[in-house]
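Got a structure for you, questions after.
Which chain is which? They are A, B, C, D, E and F, in the order written, and residues in each are numbered from 1.
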Amino acid sequence: MKGLKDIENIVIEKKRLLHSANHEEIVSGLTTDVYFLRTMDILQYMGLENQIVTAEIFARKSGVFAGIEEVKNILQDKNIEMWAINEGEIFQSKETLVRIKGSYKEFGIFETAILGALASSSGWATAAKNVKVACGEKTFLCFGARHVHPAVSSVMERAALIGGATGASCVLAAKLMNIEPSGTLPHAAMLIAGDTLKIARAYDEVMPDQHKRIVLVDTFKDEVEESLRIAEELGSKLYGIRLDTPSERGGVTSYLVMELRAKLDINGFGHVKIFVSGGLTPEKIRELSEAGADSFGVGSYISGAPAIDMTMDIKEVAGNPVAKRGRIPGLINNEKLHKII
Amino acid sequence: MKGLKDIENIVIEKKRLLHSANHEEIVSGLTTDVYFLRTMDILQYMGLENQIVTAEIFARKSGVFAGIEEVKNILQDKNIEMWAINEGEIFQSKETLVRIKGSYKEFGIFETAILGALASSSGWATAAKNVKVACGEKTFLCFGARHVHPAVSSVMERAALIGGATGASCVLAAKLMNIEPSGTLPHAAMLIAGDTLKIARAYDEVMPDQHKRIVLVDTFKDEVEESLRIAEELGSKLYGIRLDTPSERGGVTSYLVMELRAKLDINGFGHVKIFVSGGLTPEKIRELSEAGADSFGVGSYISGAPAIDMTMDIKEVAGNPVAKRGRIPGLINNEKLHKII
Amino acid sequence: MKGLKDIENIVIEKKRLLHSANHEEIVSGLTTDVYFLRTMDILQYMGLENQIVTAEIFARKSGVFAGIEEVKNILQDKNIEMWAINEGEIFQSKETLVRIKGSYKEFGIFETAILGALASSSGWATAAKNVKVACGEKTFLCFGARHVHPAVSSVMERAALIGGATGASCVLAAKLMNIEPSGTLPHAAMLIAGDTLKIARAYDEVMPDQHKRIVLVDTFKDEVEESLRIAEELGSKLYGIRLDTPSERGGVTSYLVMELRAKLDINGFGHVKIFVSGGLTPEKIRELSEAGADSFGVGSYISGAPAIDMTMDIKEVAGNPVAKRGRIPGLINNEKLHKII
Amino acid sequence: MKGLKDIENIVIEKKRLLHSANHEEIVSGLTTDVYFLRTMDILQYMGLENQIVTAEIFARKSGVFAGIEEVKNILQDKNIEMWAINEGEIFQSKETLVRIKGSYKEFGIFETAILGALASSSGWATAAKNVKVACGEKTFLCFGARHVHPAVSSVMERAALIGGATGASCVLAAKLMNIEPSGTLPHAAMLIAGDTLKIARAYDEVMPDQHKRIVLVDTFKDEVEESLRIAEELGSKLYGIRLDTPSERGGVTSYLVMELRAKLDINGFGHVKIFVSGGLTPEKIRELSEAGADSFGVGSYISGAPAIDMTMDIKEVAGNPVAKRGRIPGLINNEKLHKII
Amino acid sequence: MKGLKDIENIVIEKKRLLHSANHEEIVSGLTTDVYFLRTMDILQYMGLENQIVTAEIFARKSGVFAGIEEVKNILQDKNIEMWAINEGEIFQSKETLVRIKGSYKEFGIFETAILGALASSSGWATAAKNVKVACGEKTFLCFGARHVHPAVSSVMERAALIGGATGASCVLAAKLMNIEPSGTLPHAAMLIAGDTLKIARAYDEVMPDQHKRIVLVDTFKDEVEESLRIAEELGSKLYGIRLDTPSERGGVTSYLVMELRAKLDINGFGHVKIFVSGGLTPEKIRELSEAGADSFGVGSYISGAPAIDMTMDIKEVAGNPVAKRGRIPGLINNEKLHKII
Amino acid sequence: MKGLKDIENIVIEKKRLLHSANHEEIVSGLTTDVYFLRTMDILQYMGLENQIVTAEIFARKSGVFAGIEEVKNILQDKNIEMWAINEGEIFQSKETLVRIKGSYKEFGIFETAILGALASSSGWATAAKNVKVACGEKTFLCFGARHVHPAVSSVMERAALIGGATGASCVLAAKLMNIEPSGTLPHAAMLIAGDTLKIARAYDEVMPDQHKRIVLVDTFKDEVEESLRIAEELGSKLYGIRLDTPSERGGVTSYLVMELRAKLDINGFGHVKIFVSGGLTPEKIRELSEAGADSFGVGSYISGAPAIDMTMDIKEVAGNPVAKRGRIPGLINNEKLHKII
């Protein structure tokens, strides 16, 4: 995409399966806002299309930086220079996170895509970091894929791993990070089998020995009663119990965790871990962790984390400091920046 | 993807540009959570993989329904029946929105993708509807693409159009909905040209006659002074002024809109519309609309709208009503449902 | 008790079982505050002990009047006249509720006992009335005896019946009101028997046919699972299920009531009533009633209701209006008063 | 009371004076809830009536322990063992306060009475402790008898003494604790005499020399003016002035205390103490104490203190740990427990 | 004062008594801000001193208009035209209240004085109007002179009369409005005489028959006791009692008013009015009026009322509409304006 | 003014320009409340007019003391003794600030004037002190004259100087304090000239060299753009820029100050100071000071500061301690007092 004319040539296939953009569409500029194409036409008309500019990206809130790998790939073949801070680094409000220098026509139309990639991944990574701090030494998985579009569930889980998540249940995300996907069993499996014990037995028989068996217990019976049934059946092969009591039944309380821990211990199942999920927030995790929970599944706190909005400002044109009203002209230095293109 | 074995065969290309999933990856099940594959292996081991089940999807909050077209495409070749309410319909908490009947192995692994598609699109459409109600007869565009991953900016803008947005600035989204993309000019254009009047002149000369010329005025000068300079230059060809005063300068106040309207009118530019953007919410839109604004650009209120979390419950297995603890067993009827597969 | 000298003659038996006062102790004035005895000595010294006075009792808050029967019995043999409003009547702040006329020495030392009897009973009756309003046509029992001293549990349950309770579980209270005591079975019974079903069977066999069998189900198993086990065993003889889920497990939620109702109905037990208890307030009762609960057990909302403090003012001395600073001298008429002594 | 049959034999005398229970009624089990009698019949039918159980009592809030002497007397002739913490000890939430071991039939029907005795006395003692902390070295009396039923005013004053009150005005309570009752004079005395000075003179003449003369001054005149009249009359024999200004006149303010102190001192009555009452709370006591008040009379803050609800859980049956859902099975140790039966 | 040079000639007398400005000082421009003189010098240098301009005055809040008579007198000899709304009229936010047309040099330096006169008087008049609304048909006096500088106490009382006060106690203010000053007696009189009754007698003997005798009663004794002493002494000649109980003694409560009314009536003094003062606000007046108070003395609610800040904008220069940023250029019409110069 | 008779002789001139009181009127007692004159007549009638009394003045809040010079001048010729603390001293609630001893007839009628002078000046001085604390080493001017009556603008500015203001713009106030008046230029000057640059040039040419040129820049153009135009024109002669952005345009934000500072520095105008005004409070000043503002203009925070109400109590009559109810009789010592008359 170079200008308004290119719009006319776009054809949407009748058989298109999804409304999300494929990689080639994004990299070709198809997801740009139309006014960037219009800008290209006008700058060319004014003879300014080759103007060398420097743009800087900053956020208005602090957070954990993520998404820059995608930005690098989008711009890798352009005739520009680019500097950025590292993925996983904590940044402050108004700090320069990315600097791009080159002819505006090389990267101008990608402003929307670049900011979107950084804003969404950094938002997710920041929420995961908050969870990590609440967990301390304990582990957590991101369970939020069901709340985001499938085109970005792998992006979100990858950002959660950058922020501190212990594993990914999304197959694609795990593969992207070169780890094995992890998770338990869904309520659907229990409902089809009709009995948690029956499916736990089959699960035990099917899975390889080294697999950590974790069984979800709130589908049919009292959670503690069901846990003891499963523990008696699987014995030392049972790695953990997952509590996911629905809000209609009062959710997972810290007392339930304490009670399950005590009754597992009394009955000789001190080795069985307790894994909890369902509407968890850092505050709730702190409370349940103190009550004895060993691991956590976190959904909408991460998936619904607000994007950390990013702003790209042109700060130099032809070597001269500029800025729009409300901003300080000229580059703002940041020692954490390093050259990536 | 049919089971855990298929995971081993997945290869991530070294040159992969982005972390988001392409259409074929989604439709092949690659974004599924690993526990659905594990469930498949276990059910097969138990001889239950062909069990006929009926699942229902509901939300815990009311909203505007969107995203079902993608769900239909994901499942179109499966041996199932599916019912749903229409895109754009308003739904209530706990209402049945989608019903799927068939062998669990046909659709089980898509639970995550289906819920994610519906939850995100319905969240965006609902926010857009709130904006629409605040606008009344006036128009608004969605300016939120810069806050979401580029893979889903087109999904978001499409959902905003379903919820009531007047147009789309994302080129791909506009094409998906078969309309022309719309928008103004970015601050970058002004900064490169160095003067708003200069670029307004070029913009006027480059664009075809029928194009509605809207000029962004807050880059360099007092907004009202700049507006009058532009209006005197473009005269009757100027369609509108866009105010986007940054928060550092107090944002766009209702008094600024009133003052601009008065000074445009006094100087004979009563035909020039006022378009505002910058941190708008339905409440702020009501206030600015009353002050005389004609049209609105809405960003993070739509892009950052929380997903409307969806739940898929198996409600019948082999024709018998079932439910997990906390839910009512059996189908829950909804007259708005109609068969789509 | 006539004066300070009588104090010297009081002997507390070594074997005294309880610190509460027996009827004869109260009626003889033993629970009076010492300053009333001192007053008697002084008035006698001044020759004022036969002064005819009129005293009036009022409350600073509105409520339901109760306790006057006890007051009447305490003063029945004295040489006085007394007027009062009826038990069960609603009164307003500052309304005259009782008027006593006679020589001060006849009733002065009973001021503390009289006010205490009225304040506590009226407080309990008022709370019970609030519960009654929330229940509408449905029934409720008072379960608060375990929060008050055993000397007054019968007083409290009687006041609750005056305020609108449907029955009393305290044996003495029921006998006082000439009705049969009612209630279910305690958790202790289930714990000793070790299984709810086992004890439900014995309960069914032991009780006469006309007894309404209500079984408490939250001791060992999931409430709904246990309810269905009991219902299948007792069939049409089961009158109701009692839910008393402890707060450690999230308490009784309105969703649990809805789920139990639905699953009882689906399984053919539409005749079984749902009885709930545990931290109920009028607001919570309204919510659970709407969800399908049929009857309620209310504890600390009634037992812990604040007493409605009563004030006794001398308003006439020797036929002349008097009052202390802050009060209006002379009698304050109330048409609801009628002569009871 | 051994079972349901015993209910039939209960006869309520026509001449019964009060609704409260006498000591023998309580000890015979007459105030029990009917479901404990029903439980006895069922357990006997099941052959479980001699089952040895251990029950423990705990509270959900912290407080000051009181009431155990009555519990000991109720159970003293039963074939059980009992352990408890001391009266007056501070306890924490969920701490084991009492443990009872024996055949359930020996103590089961007393659950209601035991919990009620502990809950109410501990509630009152805890409030009195809060007052004590606010008073520091200064003294206070409990004036709350007029807000509770006369059957328990002695129980309440005794609990207040355990919590830290300096004396008791209820004659019976004082005798129970083997101290002299204390207090001032009521407004009624002043109103009958018609002049505070006149009654103060008679009071002085009637009382023995060692009696501490305290005169209530707000009945007729300005409090300070009246205080000086009394002080001039009684001179060095006046021990203190009591301020009880009614809320209709603004209550007792800290400025009134300061003014009275100053004017007493200026007029040579520096030895006269200031005693205040009327709606006092710990916070108000701190303020008035700082202003110069020497002693306090506290009513509804103590009498209306919420009972500290107690729970009795069966934790062992025939030597095996048990618990209902929501609780941890087995005994919970507490080093403060000591054997009392 | 015409320019900076005139400043040099100003001499402050050594014997100057007060820091406030006398009338001639104000009218000569001596209280102007120095930048208006500087403006004069510059405009003259630019040859713009005779420019004809139109200025308008508006407020940002609604209120009652007052102070324009002084403005008229300040500008009466200038070569200008002036329009204004009437004193006592209610105005809305942003309404044009005054319009001045003429050569800027004629009135420019008076901007500060004009705005100050209007802002302060309108603030006081508005507060008085709020009191008037709360009083309904009853009367009130302004008692706020002790909280403002003596140079403006007459201005404040005059504004209060415009807003609705019934009379003025400030002698000068009364004379300005051509009425007789009114008021009661101060605490100082009572303290010097040493007894309220003694001074009430002298007051009665000294004053002419038609004078309405009102006696302040809270200096030494209980208010009600003192009131009855005075009423018995003065009989039908007593017009009213004034209650001013200090906050140290709880202030004047509505119960005190009720009690005084009742005791006056019982003792045959139904003709005696009750006048209250001390920290009154419209809300408190409503409460005391309902309790029976007949008239009110209002201090800091009026004297401390915030000035209603006024803004003077130049809206036309040489017949052309102008405005600074943030304002609408050109005259804003108001039908309530009429020509006063 | 000696008594009620003197009122009859007062004549208000028809041509009276203003409602405020001139110095002679105040000193002659014309602004007194009528009840002081009445008191004089009554005391004379009682033969008490020569009674020697001691009165003390205190405040109910802490603050900065001001206004005593005027009080001294009012009473200087009277036959009294007077002690006071110094102007500018900080005082606490209830501290004795002034003591006056003498025959009541000498100073009684001046109570209102004395309290008003002290209350208003101390209120203004206290607010100015709060501003001073917020400014730290930086300077501020009082801009509040337009919100108070012109008779007291000089009193207010003088009090602000006592509290810590750096200068006065009111000509009379400056002269009273023997300093040069200071300030910038009003919007009116800009509007008449039609261009800020034009008037800045004239201002520069007219003013003497040593004058600190400060130019107000928000009248017509963007504040930063205008500042740079002025700075380029006046160069090193420009002392400062004044920002006064109206609330309609978002007011002066800390970002605007930062931006202006940065752009002045970038363009070589590092010597130019930034002066801000418009709705400033101590909190806002702290924020803007941190952002780089160098000096402040404060209006309604000072002019609208509540008066610090003063109370004058007679504490000795003929050498004996007295007090009204609610106060402590006798003198209250204060080491800060020193004799001034």
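Just a few scattered comments:
Rule of thumb we're sticking to: contacts are C-beta pairs under 8 Å (C-beta built on N, C-alpha and C of every residue); 3 or more make two chains touch, one makes a residue touch a chain.
Note that the coordinates shown come from a computational prediction; the quantities given were computed from them, not determined experimentally.
Taking the mean Cα position of each chain as its centre, E sits at the greatest distance from chain A.
In terms of C-beta pairs in contact, the better-connected of the chain pairs A-C and C-D is C-D. Copies chain C and chain E of the same chain sequence form an interface built mainly from non-equivalent positions, shared numbers / all numbers used being under half. Note on chain placement: the centre of chain E and the centre of chain F lie 19 Å apart, centres being C-alpha means. The geometric centre of chain B is 58 Å away from that of chain F, both derived from CA atoms. Centre-to-centre separation between chain A and chain E, using Cα means, comes to 65 Å. Each of residues 220-222, 245, 247-249, 255-256, 259, 325-327 in chain C touches at least two other chains.
In terms of which chains touch, the assembly is arranged in some other way, matching none of the line, ring, star or all-to-all patterns. Pairwise, the chains that make contact are A-B, A-C, A-D, A-F, B-C, B-E, B-F, C-D, C-E, D-E, D-F, E-F.
Those residues of chain F that touch chain B in the complex are listed here as 220-222, 225, 245, 247-251, 253, 255-256, 259. Contact residues of chain D toward chain F in the complex are 222, 224, 255-256, 258-259, 262-263, 266. Residue ranges of chain A in contact with chain F, taken from their complex: 321, 325-330.
By the touch criterion stated above, chain E contacts chain F in their complex at residues 1, 7, 10, 12, 16-23, 25-27, 30-39, 41-43, 45-46, 48, 51, 53, 55, 69-70, 73-74, 104, 108, 111-113, 115-117, 119-121, 145-155, 158, 169-176, 178, 181-194, 198-199, 202-203, 205-207, 218-221, 245-249, 300, 303-304, 306-307, 309-310, 312, 314, 317, 322-327.
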